Amino acid sequence: MTGMTGLTVRKRLLGWLADLALILYFVFALFPIAWMVILSLKPANQLFSTYFSFTPTLGSYRTVLGDSEGIPFVRFFVNSLVVSVGAVVLSLVVGLPAAYASARWRFKGSENLMFTLLSFRFAPELTVIIPLFVLYQKLGLFDTYVGMIWVLQLVTLPLIVWIMRSYFADLTPELEQAALLDGYTRKQAFFKVALPLVKPGIAAVSLLAFIFAWNNFVFPLILTSNEAQTVTVGALSFLGGDRPKYNLTAAAALVSVVPPLLLALTIQRYLVRGLSFGAVKS
Amino acid sequence: MGWRLTLRPYVLIVPALLLTCGILYPFGLGLYYTLFDFSASKPQPDMVRLHNYETVFTQDAFWNSAWVTVLYAVGAAAVETVLGVAVALLLHRSSIVGRVLEKILILPLMIAPVIAAIMWKLMLQPSVGVINHLLKPFGLGGVQWTDTPTGALLSSIAVDVWVYTPFVAILALAGLRSLPASPFEAAAVDGAGWWYTFRRLTLPMLWPYVLVAVIFRFMDSLKVFDIIYALTEGGPGDSTVVLQIRAYLEAIRFQRYSFGISYTIVLWAVVYLAAMVLVRHLGRIQRKAAEAK
Amino acid sequence: MDTHVHDRRRFLALTAGAAATPLLAACGAGFGGGNKKSDGSAADDVTGSFDWRREKGTTVKALLNKHPYTDALIADLKSFTARTGIKVEYDVFPEDNYFDKLTVDLSSGRASYDVFMLGAYMVWQYGPPGWLEDLGPWMRNSSATEADWDQADFFPNLLQADQWSLKDGTPLGQGGQYALPWGWETNVVAYNTDVFKKLGLKPAETFDELREIAGVIKRKAPGAGYDGMYGIAVRGSRSWATIHPGFMTMYARNGLHDFTVQGGKLKPAMNTPEAIAFTQDWAGMVKQGGPPSWTSYTWYQCSSDLGAKKAGMLFDADTAAYFQAVAGASPASGKIAFHPGPKGPGGSLATNMWIWSLGMNAKSRKKSASWLFVQWATGKEHLRKAAITNNHIDPVRKSISQDGAYKDKMKHLPGFIETFETVVDQTKIQFTPQAQFFDATTSWAASLQEIYGGQNAKSVLNGLASDLASKMG
């Protein structure tokens, strides 16, 4: 009997230890963000001289959202939304069929085609940026939504194709075969049977792709100017000038966390369950 | 059956390929530029064939950068994998604490890395930074994080770990939740210990999922730029001048365009090869895992 | 042919490269366009009497760096448009990325911006490939330039700093005028008067004193109520920007040179015995009285430490201290004074400077309108307004530096005007003009970091010199 209680005590103790370890990691993970919140609430003249006690103000947010400082942040924000959503949607439209095809059929060169898709992530942005700049100027894509959405395919498409491919691969083909026997066409089987089953995966991978598109820095820096510039470049603009205004940069960065955060919360139940390949099996 | 069926997968893949092929053109152009000696001081370039690459490979600077890049990428990817999997395992227990924390796991990923690095630099600044302030009671108020070659490299890796561990953790957690229950039940009936179950069941079955994350992370950290540029600018000395920093300095800052781009092509080739090996490995273990199920 | 699949990609890439040739040819020489210089300047097409409204209805595009000077310019753009009928569209980018943006734009050979901000060092890089318009013919053409613009009103050192023959090693002040000074910064010492009073210190007059005072502050200030204070903030990151402010100023005051020119060839001079001794002393000063984590210090860290009362002194741009010193800007506001800094052994106050200049894209198709804009932006009226109602301090024009309203505005900052007037005549670009400036100074900064890290100064600097010599060869 005592052995039993000893075991439960040990188990509970281990549970606590596990929770403690988790909390430690999250302190590391969340502290910088908490610190950014604090920074964003500090008045500019107390930025570097105070740590936790200061007179909080929402002035930084007013400055950032009020387009003062000559930086049209709200417009950049809208731009970011348009290009990131556009990039993810386009990647889904062309990426899902590709992922499906490569998961369903083993065909000649399938591995190599998939690898080629992945390999676009390898090219350092620096290799392509000047040729792209010239090309965009010539084609009229410079500083446009279309141009940004296209170039962000480098970021979003490989991620979506590669992760969705694993989902489709884990999906048993029997369901679709049954649908085909029921008189569905191949197309219907894909849209009505396969796609709904991987919906959670789509939600989750879209979120990741959206975040990476949203955070991209080099492409918007070089390939846009005033019309299509995005928040990441905009947030850094506050650091220039007379004094480094970290409070404004922090506020801008936190404001630009809102859309991905809302998206994440909306699809939270898919996020981890969704990426779980097993959830769509059986 | 027939040609329509054979062609179907290609038809489905073609749009995705076409879309990315647009990028192949500038890439090819970049590659082509490296055969010349374009630079601000030589605006009428001559074809120099592979001379830029010869220079790259015979420079000590290149080998130093290559070494630093490998150290960084292996270090960052390894820590992120171990930490990410550990966090996923802990969250998988679904304790009350875990269920709450799981919801905010993704937050660090949402701060753009370039901004994250700037904020970390501010936090690590010994004079006014909050980290030294908090460590002062422990007698560590004077730590100069980025002032030595080792310190600078470790600090950069730490920021990378901060940003990207959630990426690995999320994919690993997804994997854990998808593992079939029966082998674990059987192991429990047999009275297998935690360590045995972990090593013989969890880890092998989880590995394919984790490996996808590791591939993405390793490839991306070979190309690291933002984090190091914001945190150390490559210093002190040449200790954190990774390949992308060197390429950026040469191509943009020093305006030796062709030469700088040659660096990125070499880097591209390295990442390509590394990914090829990893993806082959992934394919093998995915098949193995599938057979095991 | 090897039909291995991965070779196919290589093949594809090569074909794409071959197909790229027309594009290469189509954008001039491909890389930033030609070096062909026609004899005539577009300025010669402007004839007749001067007319501000000559180009009305035109739109000029400007690329600007986020800066108080820029804010002042943008605030006053309405008056330019009212006078000329020219619209100005502008993009503002943060300082850290501004030059990347400009460089990519110029090197691609496009003329997306007609006018942009640049420093004198950038002329050395952008001038030789023919990216910058020579403004000389415009300035000399009385049909294009209003008599009131008054070239003689600029501080001559500043005007000369943007004038160069485009040949490595030749002195400034000869050849084309590739940009015009618009706002600038001189590098001097700013110090916290409170600390100086409490510790009974006086601003250093020699480099030895400066090093000593820096050490004294670091040892004593924390015990005297200045928690965590060190002696002197100077930049230390691995960047060209570390060399040019305080370090180059003190280096020049010691009579030292970056390069010597022998028979038209540049010879690195950072490793002369005197330069080695000075560099070692500088690194020693940082070790004993400088900021912790110095190798990460850019002007952000330097200036914010002065403002947060963590640095007793700052040897950097006067503007970096000014924006911490103005009322309400920081805890040290009202307690910051200015001093020219230590003299060299021979009493030299040679000072290096940064000049925010305005340049014109040689490829611009709106040169006449762009010149009107540059002329207006560097003219007396705008600069006076910008200096007095905004924060365009450190005037490039003599008339404004002597203006009563400007002096009134600056007089609450102890020593600012006196310091400015003391060093202004000895302030110039102390570097040898050459196209590899950024490479040379970045390596120099890396060497400085290594010496600070404990490596032998002589061997590090010898290595630097031979490395640079082979690159320049």
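For reference, chains read A, B and C in written order, and residue numbers begin at 1 within each chain.
Everything below uses one rule, namely that a contact is a pair of C-beta atoms (placed from the backbone, for glycine too) under 8 Å apart; a residue touches a chain by one contact, two chains touch by 3 or more.
Here the structure is a predicted model, which is why all the values come from computation and not from measurement.
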item	value
Other chains in touch with both chain A and chain B	C
Pair of chains with maximal C-beta contact number	A-B
Distance between chain centroids, defined by C-alpha means - chain A, chain B (Å)	15
Distance from the mean Cα position of chain C to that of chain A, given in whole angstrom	38
Junction residues of chain A - those touching two or more other chains	48-49, 116, 119, 130-131, 135, 236, 239
Chain B, residues touching no fewer than two other chains	25, 27, 29, 31, 33, 128, 252, 257, 276
Overlap residues in chain C, where contacts from two or more other chains coincide	6, 20, 23, 100, 104, 107, 304-305, 308, 310
Of all residues in chain B, those that touch chain A in their complex	6, 8-10, 12-13, 15-17, 19-20, 22-23, 25-27, 29-31, 33, 83, 86-87, 90-91, 93, 95, 97-98, 101-116, 118-120, 122-123, 128, 130, 133, 162, 165-167, 170-171, 173-180, 209, 212, 216, 219-220, 223, 225-226, 244, 247-248, 251-252, 257, 260-261, 264-265, 267-268, 271-272, 275-276, 279, 283
Residues of chain B defined as touching chain C within the complex	24-25, 27-29, 31-33, 35-36, 38-41, 43-45, 121, 124-128, 141-142, 144-149, 152, 231-238, 241, 249, 252-255, 257, 276
Sites on chain A touched by chain B in the complex	15, 18-19, 21-23, 25-26, 28-30, 32-33, 35-36, 39, 48-49, 51, 90, 93-95, 97-98, 100-102, 104-105, 107, 110-111, 113, 115-124, 126-128, 130-132, 135, 150-151, 153-154, 157, 159, 161-163, 166, 170, 186, 204, 207-208, 211, 214-215, 217-218, 232, 235-236, 239, 246, 249-250, 253, 256-257, 260-261, 264-265, 268, 271-279, 281
Touching residues (chain side chain A, partner chain C) in the complex	44-49, 70-71, 109, 112, 116, 119, 129-131, 133-135, 137-138, 142, 221-222, 225-226, 233, 236-244
In the complex, chain C residues that touch chain A	5-6, 8-9, 20, 23, 27, 65-68, 70-71, 74, 89, 91-98, 100-101, 104-105, 107-110, 112, 300, 303-305, 307-310, 319, 323-324, 328-331, 333, 391
